[in-house]
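Next up: some structures, all given as structure tokens.
Both of the next two complexes hold chain A, though its partner changes from chain B to chain C.
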Partner chain A sequence: MNNLFAVAGVVIKELYRRKDFYVLFVLTILICVVMGSVRIFNDAKIARYLKEICLLLVWISSLVIAITTTARQIPAERENRTLFPLLAKPLSRTELLVGKFLGCWFACGLALLCFYLFFALLAGSREQHWSFINYFQAAVLHWVMLGVVVALTLLGSLVFTAPSSNTTICFLAVAGILILGRHLNKVALHLPEPRRSILYAVYYCIPHLELFDVRDLIIHNWPPIPWRVCILATVYALAYATAFLIAASLVFRRKAIN
Partner chain B sequence: MSAPRVSCLLVAALAVLCFGLAAELDTWFQAWAGNRAQSADMLNVLLGDGRRMFANHFYVKADAYFHSGFYPTVFDNREAFQTAHMAEDSGTVGGRNQGEETGFLGKPRDWIDAFSRQFFPSEHTHLDQGGAQGQANGAGDLGEGSEVREILPWLRLSADLDPNRVETYTVTAYWLRERMGKVAEAEKFLRDGLRENPGSYEILYELGRVYSENKNDPARARNLWEAALRQWQRQEAAQAEPDKYLFNQIAAHLAMLEQKEGNYRQALVYLEMWKTRSPSPESVQKFIEEVRQKLDRGTPDIPRPADKKPTEAP
Partner chain C sequence: MNTLAENVSMIKPSPLLARKAIVKIENLCVEYRRRELCGATKPVVNNLNLSVQEGEVYGFLGPNGAGKTTTMNVLLGFTNATSGEAWLFGENVREPIARQRIGYLPELTYYYKFLSAEELLRFYACIFRIPKAERERRIDDVLKLVELEHARKRQIKTYSKGMQQRVGLAQALVNNPELLILDEPTSGLDPVGRMKVREVIQRLKNEGKTVFFSSHELGEVETVCDRVAILHQGELKLDGRLSELAESNRCSLEQLFLRVVGYEHHPDTPPLPCV
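On to the complex of A and B.
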């Protein structure tokens, strides 16, 4: 366990040493402040457009941080030749993978914490009320979703040769699921066989990341989601993350590291 | 000549050439019709005429906000959302919606579908009735507590992107004046729209409503509605499928205004016009008979200055 957290700690340190997070965070703040300074029809209480822009930026930034940070972990270790000494110590390949996963996931969690704190401040300053439960649920579901993305990217970093191709493919896959995932079953119903069955199979197989996108509920001040549903969604995401990690571990075991 | 000296002379010659060309081209560029830099609007500079493509997207987004996010996507049945509900409820456009507006999602098709409905708005609400949390302050007037203000940024953006989209101005003005009490802003926005769309009978009609309903100025309201009627006759009367909805609105409002002012003869003229295109002419006929009775009873028909009949029935 200590080994896992030692590896994870290095990844977290890497996040706060690199400039990616700071750039994205400052950019988010700047854009939101500029958009917030616009006075529309002399009404200072209009808030939802600002919440939407802020949450969109948070989602984009978090995906950029999660995918780019994870995609370079294993290739960088291999390129810098630090992978050999790491594995020479009493650290198995699976432990290294899990450590990297935990590090990236916790790093994403820290970044999300900053982003959602800023979002809560922004929303509260405009709406004069804080829906803390809603924000907490949104942040947790977002973080859990990033766990799946991190695991998927880790698997991709072992399958694809270059980090750039892995990053691009992961971005496309995640964006595709977020935009189309919910609608694949509707599209499938209008297709002839066997395309219908194939698309339905894809619909059931993919991790439905869009489930964790509760931005509309937050923006429009809908009541909180029942906790039972949140827990079920968390279990669903953790199952997918575990599946991707097991797949990554199997690939890594068979992979020649030199 | 030494090489550095040649280089310096060459650089100087090129600098002079660049300066001369810039001075020459600048006069041409400033006069060029396609020069976007003349516009103070950043969207115009960035997107040019391509910005109009996005106007409808933001207009629909405003309607999605009106429903607190409960809105059909391109993959859903949109029959009940063909006309934006925020526009239909404002009475500025006629509705073309069919079917059940609450049930576009249908029954869950599978367990993922059923489960996913917990994570996005899946109940039909309108912001003017309190929105997602049902915080209506009272029927009719929600005053400053109105959440309907949230649709305004997208409507403003839509108008900026496509200034010739008349519906955006009329719908925005309605919500501004009717639910937020911002009459001055509504009038200014409509006048901006009229500058971009001179002769728009829709905007003239809505401006008339501002003067009639909010400023209690029937004389100006009459002038605006009569101008709207003239524009309608000019633009729509000869069309195969004219905008009957707005014609009926203009004629009805004029008839009511004249009746209220005691100009029964003039009211009858407008009522007859209304009847010709009304979907329920029987109810208009009842109105006509009521006004005729008032006229027969000898209730004074106060003549108004510059009283004139419309040139023709549409």
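On to the complex of A and C.
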């Protein structure tokens, strides 16, 4: 655990010492504050739209932070040759990978905390009430989902040579799952064999990231999700993250690093 | 003058050979797969045998592409040998525990530029599980040794190349290693930077550390090394104590090196001075 937290600590330091997070955070604040200051169509429930836009920006920003931060970890270690002194120490490749995963995931957690605090302030100032349990559930499920994205990107960084290609492919895969994932089984119903079976296999294999998107819960002030469901969703995400990490570890162990 | 083969075989066992072998390589072969030749292999290291004794400074020489870095990569567990074995402190290099007592300085490394020297060393010391009080003491000591105390809190991105190389040396020393593996430690440094790195190696030698290092700076090797090995096209061509090699061949290390690698002297250029 000592080694894992040492590696994770460096990743977290990297996040708060680079400008990426601050740029996205300031951009989100600016857009939301400007939108919140104008009164559109004199709609009394304008706060709902404002919350929706703010949450969409938070989701996009968090995915950008998670994917770009993770995608550059291992390639940067190789390019700057810091991988050599690191692995010349009593640190295994699996420990390095898990440390990087934890670092990226915790860093995303810190970024999410800032985003959701800002969101809570914004929503509360417009609605005059705070649904803290809903905010907490949305933030936790969002963070758990990012764990899967981080693990997937880490695997991609070992498979694809260039970080830019990995970033693009991961963005497309994650966006595809979030937008189309829930509809794949319905599309499969209308397809002939063997495409139907293939699509069903894809449907059951992909991590259903859309399950963690509970923005509607806080946009429409719905009652909180039962905790049992939250725990099940967390276990589901951790299982996928573990599977991706095991695959990444197998790839990394076989990879020549000279 | 003796032939090179005679020189290699005539080297008598020195008192150092009676010491413990820290690095031992036996019949090491490494082959890389060539992409352009449909999976054909290219031998990089061919049947290498050598050992480095405790307290020795061992110069590992050879022209570019001779297989020096590959041999180091095998010792560090980065590359798997095609055949043969290598041991560090009697532990097979395939085991991570073999790396607990070593320090490694790779060639031209750009350390995490967003960290300061102090933070970088703390990170590496954490991996060695050095207790906190001891860790801080070690960081102070190595920063003093590499003369970076004044810049310890500055981010590495503000460092000159020489300072970065000294940070590298500091990270290699943070665990107080018994064996140091240095891959071209003075590569790309100015004369002052080289002198500083050389002084550090000299101090480590005086402290009784074992140093295994590759270099193209033959003058530097002559200054600090007890023993040298010359590798050419993956094969060990020469291995012996510097003093004995100079005595038996009556020439400088540079001349010996050029002869071993088969360099033909151009008649228009002035000959190298003999010792």
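Here is the rule we use: the second predicted complex is superposed on the first by the 253 of 258 C-alpha atoms of A that agree within 3 Å, B and C clash if a C-alpha of one lies under 4 Å from a C-alpha of the other, contacts with A are read in each partner's own complex, and residues count from 1 in each chain.
Basically, a contact is a pair of C-beta atoms (placed from the backbone, for glycine too) under 8 Å apart; a residue touches a chain by one contact, two chains touch by 3 or more.
This structure is a prediction, so every number in the text was calculated from the model and none was measured.
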{"item": "Joint occupancy of chain A by chain B and chain C, clash or fit", "value": "fit"}
{"item": "Dominant toucher of chain A (residue count), chain B or chain C", "value": "B"}
{"item": "Angular separation of chain B and chain C about chain A, which is computed from CA centres of the superposed model and rounded to the nearest 10 °", "value": "150"}
{"item": "Partner chain(s) touched by A:Y49 [first = chain B, second = chain C, both, neither]", "value": "first"}
{"item": "Partner chain in contact with A:R18 - chain B first, chain C second, else both or neither", "value": "second"}
{"item": "Chain B versus chain C as contact partner of A:A88, first or second or both or neither", "value": "second"}
{"item": "Chain B versus chain C as contact partner of A:V214, first or second or both or neither", "value": "first"}
{"item": "Nearest-approach distance, in Å, of chain C Cα atoms to those of chain B in the combined model", "value": "40"}
{"item": "Chain C contact footprint on chain A (complex, rising order)", "value": "2-3, 5-6, 9-10, 13-14, 17-18, 80-82, 84-92, 256-258"}
{"item": "Contact footprint of chain A on chain B as seen in their complex", "value": "65, 68-69, 73, 75-76, 109-110, 112-113, 115-116, 118-121, 131-133, 144, 149-150, 152-154, 156, 176, 180, 182, 185, 189"}
{"item": "Interface residues, chain A side, partner chain B - complex", "value": "38, 40-43, 45-49, 141, 182-183, 185-187, 189, 203-204, 208, 210-214, 216-217, 219-223, 225-226, 229, 232-233"}
{"item": "Footprint of chain A on chain C - complex, ascending", "value": "69-70, 73, 76-79, 96-97, 99-100, 102, 104-112, 114-115, 119, 123-124, 126-129, 168, 171-172, 175, 181"}
